[in-house]
Amino acid sequence: MENLIGLLVLAPLLGAGVLLCGGRRLDRSGPWLGTLLAAVSFALGVVLFADMLGKGGEERALDVTVFQWVPVGGFRADVGFHLDQLSMTFVLLITGVGSLIHLYSVGYMAHDERKRRFFGYLNLFLAAMLLLVLADNYLLLYVGWEGVGLASYLLIGFWQHKPSAATAAKKAFLVNRVGDMGLSIAIMLLFTTFGTFAFDPVLDRATDAGEGKLTAIALMLLLAACGKSAQVPLQSWLGDAMEGPTPVSALIHAATMVTAGVYLITRSGAVFDAAPDAQTAVVTVGAVTLLFGAIVGCAKDDIKKALAGSTMSQIGYMILAAGLGPVGYVFAIMHLVTHGFFKAGLFLGAGSVMHGMNDEVDMRRYGGLRKYMPVTFVTFGLGYLAIIGFPGLSGFFSKDKIIEAAFAKGGTEGWILGGAALLGAAITAYYMTRVMLLTFFGEKRWQPDANGELPHPHESPRTMTIPMVVLAFGSVFAGGLFSINDTFLKWLEPVTGHEEGHSPVSALTVTAATMLVLVIGVAIAWAQYGRRPVPVTAPRGSLLTRAARRDLLQDDFNHVVLVRGGEHLTRSLVYVDHTLVDGVVNGTAASVGGLSGRMRKLQNGYARSYAVSMFGGAAVLIAATLLMRAV
Amino acid sequence: MNPVNYLYLAALLFTIGAAGVLIRRNAIVIFMCVELMLNACNLAFVTFARLHGNLDGQIIAFFTMVVAAAEVVVGLAIIVTIFRSRHSASVDDAGLLKL
Amino acid sequence: MSLAASLAASPASTTSTGEAVQFWILAVVAVLGALGAVLMKKAVHSALSLAGTMIVLAVFYLANGAYFLGVVQIVVYTGAIMMLFLFVVMLVGVTAADSLKETIKGQRWLAGLCVLGFGILLMAGISNASLKEWNGVGGANAGGNVEGLAALIFTKYVFAFEITGALLITAAVGAMVLTHRERTERAATQRERAEQRVREGKQSRPSPDHHPSTTGSAWHLPTPAPAPGVYARHNAVDIPGLLPDGTTSDLTVSPTLRARGQVRDVSDEALADLKALEQRSSDWQERGRSEDADAKGASK
Amino acid sequence: MAFPLLTLTAAIPAVGAVATAAVPAGRRTAAKWLALAFSLATLALAAVQLVRFDPDAKGPFQLTESHAWIADFGVRYELGVDGIAVVLIALAALLIPFIMLAGWHDADPQESGSSRWRPTQGFFALILMVEAMVVISFEATDVFLFYIFFEAMLIPMYFLIGGFGDGAAGNGDAGAAAQRSYAAVKFLLYNLVGGLIMLAAVIGLYAVTADQLGSGTFSLQEIVQARAAGKLDIATTTERALFLGFFFAFAVKAPLWPLHTWLPNAMGEATAPVAVLITAVVDKVGTFAMLRFCLQLFPEASKWATPVIVVLALISILYGALLAVGQRDIKRLVAYASISHFGFIVLGIFAMTSQGQSGATLYMVNHGISTAALMLVAGFLISRRGSRLIADYGGVQKVAPVLAGTFLVGGLATLSLPGLAPFVSEFLVLVGTFSRYPAAGIVATLGIVLAALYVLVLYQRTMTGPVKEEVRGMPDLRARELAVVAPLIALLLVLGVYPKPVTEILDPAVRHTMSQVHQADPKPDVNDVEAAK
């Protein structure tokens, strides 16, 4: 079994290697090869899952050290895997959803001449993500962490001829790097505190370290999570990342990559539990982001960006839950899984819509598509219902638990967090309904594309619809499946631990309140977009709307402070280097040269001048002699 | 009077000669000034001989005279040669070695 | 001698008043001579001033008991060396006066500074030395100054003396080598020079031996230069010949004379004479012309 | 007498240089192959060294050779390698063939006149000459011997920088030639000044040993042993002064801020292979010498100077990275990136932890390979378009995907992406620094963000976006070029995933150095973890 874990990671990695180095021979077979290897990986995951189910709750974890990676003095990093229920959940989600997206991409990217490379990148992404969740130490996790960043860089910037895509890719990587900085500092702190950074020894002995150190570690981990999971203040890359092909958005920015932050916090639960201050920071970030993302999602007319805002918001829920400690870990992961299903479905649906609409992304130019794309409509609709938390669907179960847990935090804090979560639910209902109405209902507002052709919406090919259907099943049933008998809770509990929260309001009240805000949100959206015709160009909107369209001015802030400031800094440094640092050097050289030039003039060729110097020298000598005598 | 005054005189003559060497351009005059300086030295030597009460100073002065004679002979020959080719006895014109 | 002998007897602290008087008078002369040597514009004057200083120094040598040197100073220095100087000065051009204007920037300031500093240092050094008493050279001169010197030269300083001899010979040879110009080709005969002159269309090549001022603008004629003087009136070399319009021609006078400004111009005189002549001839022709006119009219 | 393996390793390229230089003008290709053959022979000898080297053997140096040379001044011809040296020799020997291959046509004469001037022969001979000197610098355990070759290296480098342009501005261009000669002179003078100060320190060291030991010596081991035995007691002030003298020269060579300004000029003006030679091979002698001479000869002074040096290294890291962001010239950008990386190396050395020093030594190797990959591909790119300006490129990815891909991998290695070799070393340096100087560690970590910035900006501006008109029709990598880049990238991957063979050789040497400096790693707070496990 142990060897299978290695294979699990190796399969997509091999795919990436073969596809990227294979050359044009693989252009035709490449997509299928990539998909096959993703599927193999999924199959291995299932085998391991079955094996794990055959064991008792506590013995399910599987550790395997493949080889010593960096053995230097007291510093030991191994390439080793740790497969427990938490990683297993992720493995299945990643490989499962990943395989579906591979399949979807076969259709979506069919006409792209560089699709071989695209599948290579997708496989690389899977491999990195698997490495991330399977690593048994933080350094190896870091490798996967950055590998994910690299793959997302390559995928977002896949259409490199578009400057916007290239810029978005760069931005994603850079913002992620800031987060990575947090992770690397966290690892350094772990090393200096514990002398190691393998999960087991660190997490077992977490409480032995001082709380200050633990808080620092936890905060750094939070920074890392913010980067990867697009949480405030490092959320700005996610919206731009929609420049990538839609399957990328589905895979990376919905189902897998952005969940890495949640994984990291959950995995490091022991550290966070021992650092309550850091936990407060985590829940704050989560709560702020869930509102932030939701508000941004409301204002975007680009369907993918609206969904990106939604992703941000949903991850905010997960982070919030993870920040609550053992009360929330399980629900964070549960929401993560259900979100993986419905958000992937939504994105794939959006991709399908764009596919049929000549790559138009502006929802104001959609409308009335339900007749033309029935499968897309149904699957997207199910995803929609799931995300807003329609009773009985996946989102309902997982989100409800999180809101409950937030209230259970207790005190003012609990009320604030719970309130924020409830408000977020309302806004979610609003913006998702908006997306739904604008896209599939109402009259046709189609506009001719750049070539002057009106789009001819049509249903997408089989390779694209099948994954959507499968994901729709997931969106509908996953939540129920997990919640019956607390299956998911029991599955994860041995790893993350669990405590029941003591909510000041009863579970039923929370559910009722959730339903209420849901209805309110949907109703407002209906009032705005369902009853009235929708203008094709966006109205100017209120100050908040305009701010939200610009990602609540975060980018402007970044631009003014970081980009401009950075440009000024580098430009002035270039100047300083040239004028000051090099100037000192060149100045020395020039002054030596100038001095010699001047000294040269003393050698004017007149014997009498030389005589004066000689005579002066003689005078000085005599003076010196006399002085020496006098002394 | 103290014979030291001869020394002062010698110093004065020496400096005047030196000034002439530095100021004048005519090689012949410069030579004459050099001679003046040598003579000043001789005067000093002779005075020293008197002060010390032996003849060594005079011997040195004597040798100086001989050497000065030799020097003048060669120097003036050089001046004449230079003058022949350059039509000038100015030391400032002899600057071929300058860059 | 008796003075020297008395001086030699015991360390003295002062000289005789006579010597003091002599010193103060002659020292002034010496300094003036030195200054003259430095400051005179003409090399000849410098040389003469220097000769004066040297004679004064010879007297001082004698006063200091260096009898031999005193004589040698006069014979060798003033007699031989200074004369050599004068020869060279004559060779180079006795009339040439140097400009005392300084051409090197800052040279005079620097020189002044150095000289002043050096002088002050020397004086300070001398005054620093404690020279209250001295021995006098009388004892050393007791056996005769020349004998004393000779004894030293041929014993203690014999090597230096021999080497000085070698130096003198070397200097003599060197001077000969330096001034001697070996003729590497046969000297051109007068005929050859004349032919070359005609061939080149020039009178003669200015020789490098000539003083720059003699290389005038006149050297362009293949023929001998026109003679000086006004024919039948003057034949002195310093009087330029007249051109037909009565003005003088520079070609006819030696450039040396022109440079010296020793040309006597008689053109005014000649012009006046000419005028008078013309007057007279016109007076005479007055008559002749009317006769002439008559003759013409008659012929018509 | 044992087989003089070390001497032979240095002698082979030297002989090769003479042989290559002697090839007649008409036989350019023969000269190239001859030079390549000699460099491969050197590589083989370096490999033999690696095999014969026993990491677990006792004593600091192995394969030693020792002969009297200038007996009057105690100068000995002493060679020996420790783990660090043997790895760096292997690096140099490994990179030289690639440098030659990459510069295969760089020194072809412009017009095929049958002049007596033989630039090709000269180019390859000079490279071999540099290799010989670098190798012997790594091997020398006598300070004076080291000094001679440390300085002599400048001469062939001077001609390589000044004599061969990259054709970016036209080889015949007078302006380019002037720039190049400026860069070469700057390189020479800068390093000479450093070298002269070191010479003073070398003489000072001799004076001190002569004073206290009776007869002066330059032998590293003798001095170290004498100090350990208490026979040699260098006064604190003297030790510090001597240390500074040595360190200054190495800091110029390394180069450390603010002594770095020669590097961008030299790397910008030289051809790409020569630039690689500078930064990947020659500059390593500087950082290597810090480890071998500064730390071992003057342990107390090293500890005394550490705070200042750490700050300078930090400035180098950030400053180099920021300036790299601001560059408009590809090669200068790589040069500033190298300055940043050298900052990391120096930081690791002076963090005085085993992780830091292992990381730094490993970094030397990895930086050599990664910069070689990036710079050589950049050179191929520049040779195609004839411009070094970033703004002249755009959309290369579309027309030359393999070139762009290899460029990206080189860039990713430069920004220390995990999975590629430099990551391991950079992280070791960071951890090592952090465990002793947490603040410095955090500041240095900023460097990884900036590294991402300059690499990605470079990649974005040159390789992505709409295809520029001038770039259209640019050929992709040729077989020769691929043969240069592919092994380097493979090496980056292998060392990134499995650096253990290298670290195993380095580790004992680093531990030895640490013990020389009397430094132990800081203990973790919770130190019974291993026991508990």
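Letters are used for the chains, namely A, B, C and D, taken in the order the chains are written, and counting of residues starts over at 1 for each.
We adopt the following convention: a residue touches a chain if its C-beta (ideal position, glycine included) is under 8 Å from a C-beta of that chain, and two chains touch if they have at least 3 such contacts.
The structure presented is a predicted model; accordingly, all values stated were derived computationally and were not measured.
Looking at chain A and chain C, the chains in contact with each of them are B. Across B-C and A-D, it is B-C that has more C-beta pairs touching.
Chain C and chain D have CA centres that are 76 Å apart.
Mean C-alpha position of chain B lies 19 Å from that of chain C. Inter-chain spacing, taken between the CA centroids of chain B and chain D, is 66 Å. Centre-to-centre, using mean CA coordinates, chain A is 37 Å away from chain D.
In chain A, the residues touching two or more other chains are 604, 606, 608, 612, 615. Shown for chain D are the residues that touch two or more other chains, of which there are none. Within chain B, the positions touching two or more other chains are listed as 18, 22-23, 25, 92. Those residues of chain A lying in contact with chain B across their complex are 600, 603-608, 611-612, 615. By the touch criterion given at the top, residues 20, 67-75, 79, 139, 142-143, 145-147, 150, 153, 157, 160-163, 165-167, 169-170, 173-174, 177-178, 180-181, 184-185, 187-189, 191-196, 200-202, 204-205, 208-210, 213, 566, 569-571, 573-574, 577, 581-582, 584-585, 589 of chain A touch chain D in their complex. Of all the residues in chain D, the ones that touch chain A in their complex are 186, 189-190, 257-258, 260-262, 319, 322-323, 325-327, 353-355, 358-359, 395, 397-398, 405, 412, 417-419, 423-424, 427-428, 430-432, 434-435, 438, 441-442, 445-446, 448-449, 452-453, 456-457, 460, 463-467, 497-500, 503-504, 506-507, 510-511, 521-527, 529-530, 532-533.
Within the complex formed with chain A, the chain C residues making contact are 104, 107, 110-111, 113-115, 117-118, 121-122, 124-125, 128. Considering their complex, residues 1-9, 11-20, 22-26, 28-29, 31-33, 35-36, 39, 42-43, 46-47, 49-56, 58-59, 61-63, 65-74, 76-81, 83-85, 87, 89, 92 of chain B touch chain C.
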